[in-house]
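Mind looking over this structure? Questions follow.
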Amino acid sequence: MTALPAPELAVSRWFNTPEPLTLAGLRGRVVLLHAFQMLCPGCVSHGTPQAQRAHTLFRHTDLAVVGLHTVFEHHAAMTPVSLEAFIHEYRLTFPIGVDAHEGNQPVPVTMGRFKMRGTPTAIVIGRDGTIRHEGFGQEDDLALGAILGSLLTEKP
Amino acid sequence: MTALPAPELAVSRWFNTPEPLTLAGLRGRVVLLHAFQMLCPGCVSHGTPQAQRAHTLFRHTDLAVVGLHTVFEHHAAMTPVSLEAFIHEYRLTFPIGVDAHEGNQPVPVTMGRFKMRGTPTAIVIGRDGTIRHEGFGQEDDLALGAILGSLLTEKP
Amino acid sequence: MTALPAPELAVSRWFNTPEPLTLAGLRGRVVLLHAFQMLCPGCVSHGTPQAQRAHTLFRHTDLAVVGLHTVFEHHAAMTPVSLEAFIHEYRLTFPIGVDAHEGNQPVPVTMGRFKMRGTPTAIVIGRDGTIRHEGFGQEDDLALGAILGSLLTEKP
Amino acid sequence: MTALPAPELAVSRWFNTPEPLTLAGLRGRVVLLHAFQMLCPGCVSHGTPQAQRAHTLFRHTDLAVVGLHTVFEHHAAMTPVSLEAFIHEYRLTFPIGVDAHEGNQPVPVTMGRFKMRGTPTAIVIGRDGTIRHEGFGQEDDLALGAILGSLLTEKP
């Protein structure tokens, strides 16, 4: 398998982090990128709690869990103001970026760069910055754990 | 047990109904009033799906399931525009009213009249318009079913 | 709807009750009869816990929850000795009878009398001793609650 | 961390395998050893289905999932005859051994050798035959997946 390098994030606003994050800055660490929308039922019931659990479970490793709010529908309903309340109510503590919009494009920039098909999408990036896994929809805990455990074991 | 009459609803906007609803107009029917907020985790995971299931399960009876969006926090995050997208994404089909606000009061009018303590709150109103059950938090399906089954059996 | 009278139970051994039970002796009460096998996955995960919850929830009413171990397969694997350990480990507290076997018939007597199709089966019997509901497979809590609540409200 | 070598299995009867298994024979592979009792509620609801899912999920890797029926109570209720019906009804397809008993000892031999505290117990053994993880009770999928993924990545 030859893995392609992950494109960079384009984020217009960050929550839960004192500094903006970039994938370039996270090079050398394993990254779990969780793309979601706050009004996507499958995200709220499964993907987002899974990302939160991964953030907690792997806190002593060099895994970085990064959320990305990739709004591609109902834009007026899922503004950063609403997202902030969502993050508060669901007690999310991992860094979450708002995927940037360009012009009138409904699909945000990072979502386009990664060619994501919808939400939730889980993308796992290796220490070398390449995409090692991408999954759209419900991701099995045991399978995701195995991917993360495997990449964390690889020598930097 | 002596039951108090339910106060009337004060709703600023309705979804999923061609006509505004009033409890006076529903007299003679059993009513399950489901008070929720779209960013309340316990509503989204439990209370609101329960109300939707009750709406479907009892569709051939004269039970009326009525949702009430009682926003008492994060007001800017839970506008009717956001609620409309929420209703669409979660495929809710029962009538839902937006609890009206008066002046700068954070607690909406109907929520105040019923003296609700938070969301989700389930209120069951008998055919005679009196409050027969009020529950704050997670409502057990078997217990709620028994209350509804009992009231539906009472002679009008 | 015209309801048929429930046939009598044929039980070879009882657990969780000082005295053998009969449907004749329970006349005047509503009865939830839960037919199960201890090695039936759908019973263990759903039906039996539901019966236990009903037993607890309705303990202040005149509902009688009665379990019936209707072994029709793997007879040597589900003896009363095994059932006793099962009842202990799963902390079941409602009365449970072992459905009697006659000769070499694989299907036990009560199961045959009720013409049950398998396990789990939930049968609800009204105060007048007639069968008001019979369900094979997973029984929805809200729906079962409504049936029980309705029958408990009927005048004796 | 220095890992101790796993003691050998002592099994009186095997299911789901044409040949008896030994840990010595599995040297070079990662092993997930799932110790359970068929009447242990936490095994039936969580541990055993997890082992089955691991068996399916990792079938293309060199993980070996091995079940061990470690009966230390209710011996007459959990005989191999009952276990065989249990395996059939729950559609378990991974190899399962009956932990051997010696004399009148209630605790079976392998359970004693591993000093297990109860059921379910999950033990993960590395390619070198050492115990890398031991967990009593409910094992988180994400955490277990990470352990397995990590060990599978280690060079043989």
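In order of appearance the chains are A, B, C and D, and numbering begins at 1 in each one.
In this text, a residue touches a chain if its C-beta (ideal position, glycine included) is under 8 Å from a C-beta of that chain, and two chains touch if they have at least 3 such contacts.
None of these values were measured; they are calculated from a predicted model.
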item: Magnitude of the superposing rotation for chain B and chain C (Cα, nearest 5°); value: 180
item: Copy pair chain C, chain D: interface residue numbering same or different (half cut); value: same
item: Identity of the chain that, by mean CA position, is farthest from chain C; value: A
item: Computed distance of Cα centres, chain B from chain A, in Å; value: 35
item: Cα-centroid distance, chain B relative to chain D, in whole angstrom; value: 49
item: Multi-chain contact residues (two or more partners), chain C; value: none
item: Pairs of chains, among all present, that meet the touch criterion; value: A-B, A-D, B-C, C-D
item: Chain D - residues contacting chain A, complex; value: 50, 53-54, 57-58, 140-154
item: Complex contact set, residues of chain A against chain B; value: 39-41, 44-45, 74, 76-78, 81-82, 84-86, 88-90
